[in-house]
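Each of the two complexes below includes chain A, the first together with chain B, the second together with chain C.
Moving on, here comes the complex of A and B:
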C-alpha cells in the first residue's frame, strides 16, 4: 500500500510540473527549458511572502500564487514576445538563458542555503495514516489534491472557457486565429502565466513539504520525460506519462536498485521515442524536429 | 590634449599595476550554485569575510590577499575550466577547492600540472592528504572519510542498549557511496547487523520511496554521511513514514539550525567543529564579522570557511614576503593552525600528513529544550 501511495505522490509532482511544459508547447510549439527554474522561483516567492506575512499562511500562499502568475506574464511580455516570428530553436535557447538567469538571481537574492517556508509560516506537516498501514505527509496529500484540481480546472478551461477555446485555436493555427480577431499576445501571455503557475504550485508544495534547495530545477527537468511520454501537446498525456514514469521509478527503487531512479524517466522516454515518438496521446503531425 | 591624457593614463596604469601584482593571489573554485551549494556557498563567503578582515588589518607580510572566487556549480567540467583560468590567467599561488568531491579529479590534475598547492576547505578531505600525503594537496575540512564513520559507529556502539541493526543512506556521489560501503563493512566488525544501504541520486523530488525501502529493512539506527540535503531529507521521510528510531548524520554547516528546527531527540550529529551554542569568543567574532559584512548566511554556517581563511593566512605568513607556489607548498608542509576552540585541537600539517595529526569528534543532539552535547571531544590519532 505504501508503494501505491509513493507512486501517487511522485506522479502528482511530475504531473503538476509536466502540464506547464504542455501548456506552452501546445500554444506556441516552444519547449520551455526554464520551467524547472520558474518552479523554483515560485517556491522562493513563497519564502518571501512567508517572511512578509509570517502569521498568515493563507495570505502568503495567495500572494505567492498571484506573483507566480504575474512572473509568467512578465516572462512573456519582456522576453518571449521578442521571439515571435523567430525560429522555434531561438525561442528554446532563450528559455535556456532564462533558466541560467533565474538560477543566478535566486542565489543573489535568497542565497544558496536550504530554506523552509513552512517553518517561517509556522505550519506543521504531520504524517497522516492511510488504510493498509500506509502514511502520507499533509503537504504531499495537498499536492495530490492540487494536481487533481489543476487538471480538472485546465480541462474545463480549455474545453469550455472562451479564452480556453481561443488558446486551443491559437495552438492549432496561429495565423488563422489572429485573422479571426484573437489577440495572440494575450493568449500566449495567458499560457505562460498558467504554465508558470502550475510549476510554481509544484515548487511551493514541495517547499512546504521538505524545503527549498538550489537543486529544484533538476526536479523540473525530471518531469520533462513524463510530458514527452504522454505527448507534448496533450494534458491527458502528461497525466498518464507522469503515472508511468513515477510507477517505474518507485518500483525499481524498491525492487531493483535505488540508483536507477535517476535514469528511469529517461529510459522510459527513450523506449517511448523508439516506439511512438509523438507520445502516448500526442498528435503525430504536431511533432516538430528541433 | 587627448594624447597627453592617454599618456598620463598609461603612466598611471604602469605605476598601479606593479603594486597590484604584489598581492598574494589565491583562487577558489566553489559550488556557489547547484544542488549541494548550501554546504559550500556559506564557507566561501566566510573565507571571503575572513580574508577581507586580514586585508583591512594590513594583510600578511605587508601584502594584501586577493581572493578570486569562481562558481563551478558542483560540476567537474566547470571546476576544471575555473582552475585552468585561475592558474594560467590569474597566476594564483594557491588554489582552494570548496566544492563537491566529483570536482576534485580535474582540479587536482590542473594544479599538479602547474605545481600549484591545492587546499580543500569545506569539501571532504580526499585520501591523498592522509599520510603519505600528496606533496601538493592539503585539507582543513572537518569531515573526512573512514575516520568519521569510525567515530560515528563507536558512538552508536557505546550508546545502543540493544543489538544494533543499522541502515545507511548515501548520496549517489563516489565519496558518499564509498564511505557508506566502508561503514557497512566496519559495522559488521563492530558486531552490528547492516540491513540496508540506500544510495539516493541528487536531487530527488520525493525521498519517501527510498525511505520506505530503508524502513522496511527494520533498522534500529540509520547512519547517513552525505551532503546535508540527503541526510536530513532521508530522516524526515523516515519520520513521515512513522519510523521512530535513532538517526545519526554528519554535522555539516547546516546542522545547528536544523537541530533546532527538527527538535528531534533521536537525531544526532557527529561533528568536528564546535557548534555556536558553545558561545566561544571566536564564534562571537565570526558572528560580528558576518553581521558587519552583511552576509546572507548565518554565522553558524561559517566555521569551515573561517578555518579555511585561517589556514590561508597562516600558510602565507609562513611562506614569507616573497611567497611563490614552491615556497608556499614548502611552508604548508610544516604548519600548525590554532583554531581557537572551533575544533578540538589545532590543525597540524607535516611533510607526510596534510590532513591533521589528531582528529577530534563531538556528538550533539536535542535534549528536549535546546541543542546539547551528547558526547564531548573524543580524539583519534591519524597515522
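Moving on, here comes the complex of A and C:
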C-alpha cells in the first residue's frame, strides 16, 4: 500500500514537471533542458517571498507563483525569441546554457546550502494516515491534488479557450498560424511562462515537503523521460509516462537496488527510444534533422 | 579543412604529391616550425601552473577533436561525451587497480571499451535523428555513470580509485614536463588522425551523411555503417583521452564525469566553431582556460573575500553567459571571428571581394 502511495506521489511530481516539457515542445519544437533549473528557481523565489512575507504563507506562495510566470515570459522575450527558427541543436544548447547560468545565479543569490522555506513560512508538514496503513506527508498530498488541478486546467485551456486554440494552431503549423494573424511571439511567451509556472509549482511543493538543495534540477531532468515516454507533444501522454517511469523507479528501488534511482528513468527512456521514439501518445512526426 | 593561415595568392598544384602534402607552402612550413619550436620551448620557461594548464588543454583537445569529428562533421549530436571519457578512465582505473596492469595494456583496453561503447551509443543513431539522438546519448551517459558508481560502491572505492603513475622503460611518469610532451603528442596524433580521416573516403562520407542522408545514400554511401563508424572512431579517441586523464590525475572518481563535463565538451565545439578542427582546438583552450581567467579577473575586484566561497557559482554564471553569447551572436564561433579577421586583411583595402574575376 505504501508502495502504491509512493508511486502516486512520485508520478505526480514527474507529471507536474513533465507537462512543462510538453507545453514548450508542443508549441515550439524546442526541448527545454533548463526546465529543472527553472523549477529550482521557482522554489528559491518562494524562499525570498517567504522571507518578505514570513507570516502570510498564502501571499508568499502566490507572489512566488506570479514571479515565476514573469520569469518564464522574460526567458522567452530576452533569450529564446532570438532562437526561434534557428537549428534545433542551437536552441537546445541555449536552454542548456540558460540552465548553467541559473545554477550559478541561484548559488550566488541564495547560497548552496540546503534550505527549508516551510520553516520560514512557519507551516507544518504533518504526516497523514491513509486507509490501508499507508502514510503521506501533507505537502505530498497537496502536490498530487495540484497535479490533478494543473492537468485539468491545461486540458480545458488548450481545448476550449481562444488562446488555447491559438496555442494548438501554432504548434501544428507555425507558419500558417502566423499567416492567419496569430501572434506567434505571444503564444510562445505564453507557453514559456505556463511551463515555468508548472515547473515552479513542482519546485515549490517539493521544497515545502523536503527543502531545497542545488541538486533539484536532477529531479527535473529525471522527469524528462516521463514526457518522452508519453510522447513529447501529448499532455495525456505525460501523465501516463510519469506513471510508468515512477512505477518502474519505485519498484526497482524497492526490490532491486536503491542506487538505481538516478538511472531507472533513463533506462525506460532508452527502451522507449528503441521501440517507439515518438512515445506512446505522441504524433509520429518525421524525426527532425540536425 | 585545417589551414589556419590565410593564402592570398594563387598556389596551383602541378603534381599529385603536392595535392596530398599536409604542409604546402613555405609560409606554412615556417609557421609550423615556429609553432613546434614554441611548443617545445614552453615547458622549460613556464611555471608548473602554466604547465598544468597546457596539459589540461591538450587533454581537452583530444576529446573536443573527437566530438567535432562526430558532431561537427558527421552531424550526429552527442550529449554523452563525459560518459565515454568516464568509460576510458574507469577501464584504466579498474585494470590498474585490480590486476595492476601496465599502461601499454590499459591504453588499448580503454580504446577497446571506447569502440564497444561507441557501437552502443551509435546504435540509436540508426533510427533517431536530431533531438531524439541527443536524448538517447544523454540517457546512455547516465547508464555509464551508474555502472561506474556501482563499481565504486561495491568494491569499496566510494571516494575514487587511485591510479599509480605509469612507468615507461623503468622511468616513472610523474614529472610535469614529461606529461606535457606525452599529452602534446596525444593531441597532435589526434589532430593528424582527424585531418587524414576527413580527407579520405570516410571523411567525405561523414560530411555527405551530415548534409543530406538521402542524397548520401543515393551516392552509394552505406549510411548505417558510416554513422556507426563515426561513433566508434570518436568514442575510441575519447576513451583514450579518458585513460590519459586517469593517469594524469592519478585518480578516478565518478563525480568528475557529470553532465556538466558533457556540456563543456559540447560548448568547446560550439564556442570554437562547428565543422572546423581548428575550432575544436580553440574551443578546448577557451573552455579550459576560461575559469582561470574569471578567477584572475575576480581577484582584481575589491572585496574579493566575499565571493571567494562562491567562485564556482561565478564560473557557472559566466560560462552560461558566454555560451549564450556565442550561440546567439556568433554561431560560427571563434573560427568565424578568425576568418573574418583574415578576410579583412586579405581584402584590404576592399571590404568585399571584388565581383569580377573572383574565384568563388
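Points worth noting:
The rule is simple: the second predicted complex is superposed on the first by the 286 of 290 C-alpha atoms of A that agree within 3 Å, B and C clash if a C-alpha of one lies under 4 Å from a C-alpha of the other, contacts with A are read in each partner's own complex, and residues count from 1 in each chain.
Note that in this section a residue touches a chain if its C-beta (ideal position, glycine included) is under 8 Å from a C-beta of that chain, and two chains touch if they have at least 3 such contacts.
All figures in this text were calculated on a predicted structure; none of them were measured in a lab.
Partners chain B and chain C, once the complexes are superposed on chain A, run into each other and clash. By the touch criterion stated above, A:112 is placed in contact with chain B and with chain C alike. When both complexes are overlaid on chain A, the residue A:262 reaches chain B and chain C alike. With both structures placed on the common chain, the touch criterion links A:216 to chain B but leaves chain C unconnected.
Once the two complexes are laid over each other on the shared chain, residue contacts for A:183 go to neither chain B nor chain C. Applying the stated contact rule after C-alpha superposition, one finds that A:103 touches each of chain B and chain C. By the touch criterion defined above, A:93 lies against chain C but remains apart from chain B after alignment on the C-alpha atoms of chain A. In the superposed model, A:82 lies in contact with chain C only, and not with chain B. Legend: residue contacts after superposition of the two complexes on their common chain; A:31 is shown touching chain C, with no touch to chain B.
In the superposition on chain A, A:277 makes contact with chain C only, not with chain B.
In the three-chain superposition model, chain A touches both chain B and chain C at residues 103-104, 107, 111-112, 259, 262.
Within the complex formed with chain A, the chain C residues making contact are 75-77, 124, 127-136, 138-140, 142-143, 145-146, 149-150, 153, 210, 259-260, 263, 266-267, 270, 310, 312-321, 323-324, 327-328, 331. Interface of chain B with chain A (complex): residues 32-38, 40-42, 172, 198-210, 212-213, 228-229, 232-233, 236-237, 239-242, 254, 261, 296-298, 301. Per the touch definition, chain A reaches chain C in the complex via residues 31, 79, 82-83, 86, 88-90, 92-94, 96-108, 111-112, 221, 224-225, 228, 259-260, 262-263, 266-267, 269-270, 273-274, 277, 287-290. Chain A makes touch with chain B in their complex at residues 2-3, 6, 9-10, 13-14, 103-104, 107, 110-114, 116, 119, 125, 127, 135-137, 140, 206, 210-211, 213-216, 218-219, 222-223, 249-250, 253-254, 258-259, 261-262.
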